[in-house]
Structures are given as C-alpha cells and as structure tokens.
Amino acid sequence: MRNYVLKRLGLAVVTLLVILLALFLMLELMPGSPFNDEKITQAQRAVLDAKYGLDQPVFNRFVHYIKAMLSGDFGVSYVIQKNMPISAMLEARLPVSIQIGFQAVLLGTAIGLLLGIVAALKHNSFADSLTTFISVIGVSFPSYVFALALSYFLGWKLKWFPLLYSSAAPFVSTVLPTIALSMFTIATVARFTRSEMIEVLSSEYIRLSESKGVGSARLIIVHALRNALIPIITVLAPLVVALMIGSLVIEQIFAIPGIGSLLVTAIQINDYNVIIAVSFLYSIMFIAIMLAVDILYGVIDPRIRLAKGEKHG
Amino acid sequence: MSETVLSIRNLSISFQTASGMVNAIRGVDLELRKGETVAIVGESGSGKSVTVKAIMRILSSNGQINAGSILFHYEEKGKRVTQDLLKLSQKEMRSQINGRRIAMVFQDPMTSLNPTMTIGNQIMESMIIHLKKSRAEAHERALELLHLVGICDPEKRMKCYPHQLSGGMRQRVVIAIMLACDPEVLICDEPTTALDVTIQAKILELIKTIQAKTGISVIYITHDLGVVAKVADYVTVMYAGKMIERGTVEEIFYDPRHPYTWGLLSSMPDMGSPNEKLYTIPGSPPNLLHPITGDAFAPRNVHALNIDFKLEPPMFKVTDTHYAATWLLHENAPKIEMSETLKARMDHVAKEAESEWGEKQSYELLI
Amino acid sequence: MGNPVQSFTGGDFELAGNSERAQMDHTYTSQSYGRDAFLRFKANKGAVFGLVIIIIISFFAAFGPMMNEHTYKSINIKHKSLPPRIEGLENFFIFNGVANGVNAYEQKGLTDVYYIFGTDTLGRDLWTRTWEGTRISLYIAVIAVAVDMIIGMCYGLVSGYFGRSVDNVMQRFIEILSGIPNLVIVTLLIVVLKPGFVTVTLALMITGWIGMSRVARAQILKLKEQEFVLASRTLGAGHFRIIFKDILPNIFGQIIIMSMFSVPSAIFTEAFLAFIGLGIPQPMASLGSLISESFKSMTIYPYMIVAPVFVLALLMLSFNLLADGLRDALDPKMKES
C-alpha cells in the first residue's frame, strides 16, 4: 500500500511540473510582455528585469516561477482589475465555486447511487425504467440546458428561486445551479451503479452469502455495494472534468462570482496572468482529487492494497 | 432406514428468458435421509443446479416455481417440525433455514467468496447472525472450523482476503463457512469441478470425514460418475429437467435400467479397456423452450420404442429402492439388455471406481 | 406410479428403429457472429431509433441549409425576431407565428413570409443556422472517431503489444497527460490560437484518444499471449502483420464501441465551449453558440432556443443509444443487464 501511494504521489508531482512548465512556456512565448511599454527606457527596463528576475537564465527563472506559483503568488491582474493581486481575487471567488461544486457532487452521487441501487434491485420495474430514462436524459442534455430550463420555469415563471446568485442568500440562490450541475453526475453514477450492482448481485459470492442466511439489508450494504463501488470509482475522473467544464457555464448563467466565470472573462479579454492562475488552480484541484481517488481505490479494494504489501510482510 | 430430512415432491420450475419460457424442471422427486448422501447426476442443463437452488431459494429472479413442495423435517426445541420451504417468505428462509440448517458449497471457489471481506469475517458472519454469538466466540469457533477443514495456521488465514488463497484453500474456506452453524443438510454443487485432480480427492475426503463426524446429510451434484461412486449412498439421474432413474449406488452402477444411464455409464473413460473407442451418447439434450412429448431422451435413444415419442413413461419400480422412467420396463416391451461390451465395460468401471477409492484412502493414510 | 388405466395400440412397444438413424442435432441453430450481432442490434429498439435519427439529422445538416434562399449570415432586419411559422400549419399551435400572444408576422404585415424555426434578433433564418450548427457537431463527431481510431488505437496497440519498457514509458506518458484537466489544455490552446475550428479540433486531438488507447491496450494484452498469435509468430509473421492482421480483427468490436462512446463527449465539449463564447466565431453558428445567443433573449423570445436545444439533445441521445446498442450487439458480455 505504501509503495502504491508513493507511486501515485510521484506521478502527481510530475504531472504538476509538466503543467507548470507548460504555463511557464506560454508566459515566455506570449508576445504581450508587461514591460513592452515604449515609454520605459533601457535602464528602467534593466531595473525591472532585475527586480522580476528576468535577466536570469531560463532554468533559474523556471525554478523561481515554481516557487512563486506554489506559494500562491500569481502576480497581478492587468485587465480585469488593474494591479489587483490575483491571489486576493481567487480567495474571494474560490469558496463560492467549491461550495457549488461540492453541493453538486453530494447531490449527484447521493441521488445517483440511490437510483442505481433501486433500479438494480427492482430490475425491469418502473423504478428501473425511470433510472434508465433519467440517465439517458442526463447524459444527452448539456448542463446548461438544464440550467436554462430550471431558471426559465422555476426562476422566471414560478419565481420559486432567485434567477441570479446573491451573496445574501448563499444557499437558496445556489439551489438551481446545484441541480443543473448535478444532472450529469446523477446520470453517470446511476447508470454505473445500476450495471455494477446487477453484475455483483448475480455473482456467486452473493448467492453464497444468501445461502449463509445474510439478510437482504446487510447483503446489499455490506456485500454488494462495496464490491459494486470499486469500478464506479473509475468514472469519477470524467465526472470531475465534467463538473469543472459545467461550472464555467453554470456560473455564467447564474452570474455566480466564482473562478469559472473569472476564467471565462479572463479568456475573453486576454488577462493572461488570471488565465494562468485559474488554470493552475484547476490543475491542482484535479490532481488532488485524482490522487485522493487513487488512494481511496486502494483502501476499498484489498487486491490493490495488498498487492505489493505481501512481499514486505 | 433412518428418518427423512428432506423430501422434494413433484417440483416444477420454469425461467422467463428473452426467447420464451424454459421449463427447466419438469417434476422432480427426491428423498434425503439423515446421515446419507444422495448424488444427483446429469449433463449440463439437466436441472441439477436449479433443483438445489430451489431448495436454498436462491433462484435467479426470472425463475418461478410452478408446482411442488420441498418438505424439510427438523427438530426445534425438542419437537419435530415439518416445513414446506416453498411456503416460507424469503426473509424467513434467510433467517431460519439458509446457513443455519441447510448450507451449500458452490462450484467455483474462485468466484464464490466476497473479494473485499476477510476470510475470518466471512466465516464468522453466519454465526453472528444465526447463533447470536459474540465476535470473540465466533472467532474461536472459526479457528476450530479452519482447523477442521485442514487449513494450517488458521490464526493468520483469518486475516487473509480470498485472492491471497489458492483454489483448494478457498473451497475449504467455503466448506468452513457452511459448517459454521452445524447445519443438518449440506448441498455440494459440483464442489470439485473447478479444482485440480489432486485437490479434488482431498476435498471429497474432507466432506466424507466431516459427514462421519457430524452425521450431516449431503446432496451431491456432479456430472462425474467417478465422484459418485466414491461419495454417494443413493444416486438420482436427471435428464432434461426430470428424474429418470434413482437407486442405491450399487443398483445404478451394476444394474442400470434406463438407456440414458447406460449411455452415461459407458461414456466414462476407462483405463482397463484400451482398445475401445470412447462411447458418446449421440445428439444433444432437447431445448426446453419447446414442450416435450413422450420421453425426452427418445430422439437420442437407439432403443426407443414407438410409444416413447407419444407418451411420457411413468416411474417403473425395479426394487424397493430402485426406480426408472422408461417404457422398456413395461411388461409389453421387448426385452432389451444393454450390449455385452457395455456391460463388461461398466462392471469394470464400477470396480475401478471402487478400487480407486480404496487406493486413495490408503494413499491419504500414508501422508 | 404412472397411469394405471392405459390403452396401448399394437405398435407402441416396437422399436422405433433409432439405431439405424443418423443422430442429427436439430435443437439449436447456429449463427455467424456478424449475423448474430446484426439481429441483436435490430432487436434493440433504442439503438435502431438512434441510428435512424442520426441519419435524418445528417440529411438535414447536409441539405437543410439549401432548402431556402437564406444563408447562415444573411441579415434581414425587417424580419427580426419572428417566431416559427409554417405554410399550411398556421392553425397548429406552435407553428402559427404567435408568440407572447402577438402574431409578429401580422404585426409587421408579412403575410406571405414563413420561417420554420423563426428568425433571430438580427433577422437571420434559424432553420439554416440550426442545420449549419449541426454540421459543426457532426464534423466534431467525425474528428472524434478519427482521432480515436488513428491515435488512440495505434497508441494502445503498440503500447500493449511491445510491453515492457516501451509500454512503461508510454503508459507513464498517458498517466501524466490524463492528469492534466482537458479544460486547462483547451484554455491554453484558446489563448495561443484564438477560438475557432482549429482550436477545438486540436483540443480533441490532444486528449480525446486516451480512453481508446486504454481499451486497445487492455484488449491486446489479453490476446497477445493466445495460441493463434503464437502460431502466427512461429510462422514468421512480422509485428505489423500480427498487430493489424491477427489481433485487430478480434478486438474491432470493442474499438467501435469505444469510439461511439467518445462521440457524445466530443460534441458535448464543443457545445460547452461554444456556449461560453470560445467555440466557432460569429457569424458562423454551432448548436452551442446558437443556444448561447438565444439564451440572452430567452425571457422575451423563448422560441429561439427550442430548435438548437432540441437538435443537440436529439443528437446526443441518438449517439448514446446507438453506442449502447452497438455494445450490446457486438459484445454481449459487456451488456449492462
């Protein structure tokens, strides 16, 4: 298990370095340098270069860059809010994005698991058809279609929920975005849980547990679900990606001041430092989640946990 | 003759499949007495497994029981109780019978253990559920059981996961799980088919030893007649979802009456007669999707009578313990004996199986 | 036992003469794999529905824009914001040209003008624009399959076939690449190349093939140790021949299934990018950008959004159903139930 975790950790670090290198190269190659102002004299320019370490060799600059990025120093924004430190912008915006992302994951996995389990247990029943229907709909409509439908009917026509985000009502105003964002998760989780549960429930060891006289509640929770969950973990990566992309759109529609809408604005008006900072943040979050998923995989599946451990005693 | 533990009467089961209703079981009767072993023999698809799954009530959800009863006689608080297992709810079945009084060993030990639960927990589970034992008591008993099934260093094995054990070890663990609550009936569904030949003999031996120690009744499913000869007291031959012959192991091996049983016995590989080509029964079993008229075996039967294609034969009595469902036993039927070569071969096979058993026992003793 | 009252006819107890008869096996009919798969596919109503819808949508994408005199960028301010109206269906409730209780056609005196899907706020024909946008989605679908087939499949086959250090290096590369969220890759591409056709295509090329390469690798790992490969190798077949002639035909089912599954997610990605204004630039249209545009005036002209949403959802649904159906037909073992 320790080797497994170390290997995963090493891979995560390398991935992070590759991303940093890509961002760094992009910055180096970008034509619009902040010091390309014609009014700056040669001498002033040298001072600025020295101050920001631009006179150093590339490798040193890269090391310096890594240090700065990892310590949360992303520089300042040039366009969105002139000279505003980006870390301060992110600090204000990140919690909202995380709140909505977290709510969507929670809602999505809870409903998805429930639907999937019920559908598998009542195979070929109404609940099963409903789950199949929801999962097909959920993967066939982009989340912004749900967002538009929800905001049009529940927000605009029925006025049950506010149309736009408001920091005064951080829960009520995130209900619609959360539902819209969670649809894809619900659909994917439900679909996978259903097929995995059906397979596990028809396996020999479930027959054996039944033959032992294990009651149905225990059979499902202790014996079936744990085994069914192992393959479900593998779909988490695409889900996280879908959530990230979805958040860009959802934050746009509901005017949520999160990092997704910040990224979109930054791309539209070419605020490079902000683009890089948000991309880096997304990468870190993605890598961290994937690492957590890999380790969770090892914990839940003894075949992975013990694969290397045996030799070491 | 000892008392009856389990009796199946006129059991009929069908499965709803994509291509229609399959009548997997078309009237099965079975009698199991205390301390005895009944073997159910037949080709794949003859309904052996379905019959015992019906006893355990673990048929897949598309299966339905059309008729019949499975009477289970057992003692509860000193009183003898008779219960039709088909009348119990699934919940009652799981809490009172499964694992507690009737247990079952599955065919493939590689897939019949939960991969994410330790061996120890899997053995202890049924004791905690049925006998309300504490974890410490259950742990103690699990160690005994592992010892009983011949696993060394049980303390260490308790913490293992199934993938860390070999196939033979896993099957021993399955047997230990099933013996945990001292059941009255043990069902073995081809317990050695998926194992190496050397392990097979040991598992068979193990079941025999346990039976001698605990007086448990065993239903043994197999298509391997060599195994039957080694373990069974009574043999039931099934074909296309019906019982076609039953009797003591001697009667079936030395005096079979049904042409299918003849075929089955003569298609056993036999080392004693090297010149002969191995006999196979022509054709293949009928598709149970379609209704069957007459004797299901008739199209493959070289001795088929005209009536075999029209009317289903009843069970004809041969002796008190020996019955066979073939019109050849009717008084009007021509007297047909199995061919002399087959007879000779079968005698040989039977002797071979017996002596092999003896050899194996002495071999075990040597170890 | 038995039926005691039995009447037998004379010939009942005579041998039926089976001993002379050849034992033919009539019970099961055997079928070729292809025919079997075709029958399974045909029996799957959802999959057939999906295929039919894809064919219909492709037809309209190809010929729809030519069916009237409008082009995707022809602006007619006099005809702006007209709701759907179809000649001959004026009394049919959605195609009567009435929205928000007002018949915009009568109001503007356009009695003989018909727009099937209506017009947008600049007076461009939504019928033409919707099918132009569908072309983009279908183009993306083709790119996704091509990337899967060319890059993903070959990468996986080579990695799995050669094994050892080749495999090791190639797999580490994939693990690192898949550790980078594709949102970040797309963002960087957009910054460097500006939004457009090429950017979206490149984004798909960089990340789209990873799933396929994993499937191809897993399959080849399973097959390369089998006897028929060994036999071919003993007969002197080269690596290229073994991979593409011996192994590939055996795993083609899985490859097709996987590539069908990557189509919906590629269309999805484009639709998202277009929605946030990072896809195809104006005045060209993709389904995502059409939805995005009409979203801005959704509360006033809700009908504008209906056609692109409907076509996009139908397309996604059909590709999903088709992929499911193909999986069930080509590889019954992978079947969900």
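For clarity, chains are labelled A, B and C in written order, and residue numbers in each chain start from 1.
Assume a contact is a pair of C-beta atoms (placed from the backbone, for glycine too) under 8 Å apart; a residue touches a chain by one contact, two chains touch by 3 or more.
Remember, predicted model here, so these are calculated numbers, not experimental data.
A.B. asks: By number of C-beta pairs in contact, which chain pair leads?
C.D. replies: A-C
A.B. asks: Going by C-alpha centres, which chain is most central here?
C.D. replies: Located nearest the centre of all protein C-alpha atoms is chain C.
A.B. asks: Which chain's centre, taken as the mean of its Cα atoms, is farthest from the centre of chain B?
C.D. replies: Comparing chain centres, A lies farthest from chain B.
A.B. asks: How many angstrom lie between the CA centroids of chain A and chain C, rounded to a whole number?
C.D. replies: Chain centres of chain A and chain C, defined by C-alpha means, are spaced 25 Å apart.
A.B. asks: How big is the gap, in whole Å, between where the Cα atoms of chain B centre and where those of chain C centre?
C.D. replies: Each chain reduced to its C-alpha mean, chain B and chain C end up 50 Å apart.
A.B. asks: Using CA atom averages as chain centres, what separation in Å is found between chain A and chain B?
C.D. replies: Distance between chain centres: 54 Å.
A.B. asks: At which residue positions does chain B touch at least two other chains?
C.D. replies: none
A.B. asks: Of all the residues in chain A, which ones touch at least 2 other chains?
C.D. replies: Correct list: 123.
A.B. asks: Give every residue of chain B touching chain C within the complex, in rising order.
C.D. replies: Residues in contact with chain C: 282-287, 298-310, 313-317, 323, 327, 330, 332-334.
A.B. asks: So in the complex, the part of chain A that touches chain C is made up of which residues?
C.D. replies: Touch residues, chain A against chain C: 11-12, 14-15, 18-19, 22-23, 26, 123, 136-137, 139-142, 144-145, 148, 152, 156, 194-195, 198, 237-238, 240-241, 244-246, 248-249, 252-253, 263-264, 267-268, 270, 272, 275, 279, 282-283, 286-287, 290.
A.B. asks: Please name which positions on chain C make contact with chain A in the complex.
C.D. replies: Per the stated touch rule, the residues are 172, 175-176, 178-184, 187-188, 190-192, 264-265, 268-269, 271-272, 275-278, 288, 291, 295, 298-299, 302, 305, 309, 312-313, 316-317, 320-321, 336-337.
A.B. asks: Within the complex, which stretch of chain C touches chain B?
C.D. replies: 1-3, 8, 11-16, 18-19, 23-25, 27-28
A.B. asks: Would you mind writing out the residues of chain B in touch with chain A in their complex?
C.D. replies: Counting only chain B, the residues touching chain A are 53, 56, 58, 60-61, 90-91, 94-100, 103-104, 106-108, 111-117, 125-126, 129-130, 161, 163-164, 174, 177-178.
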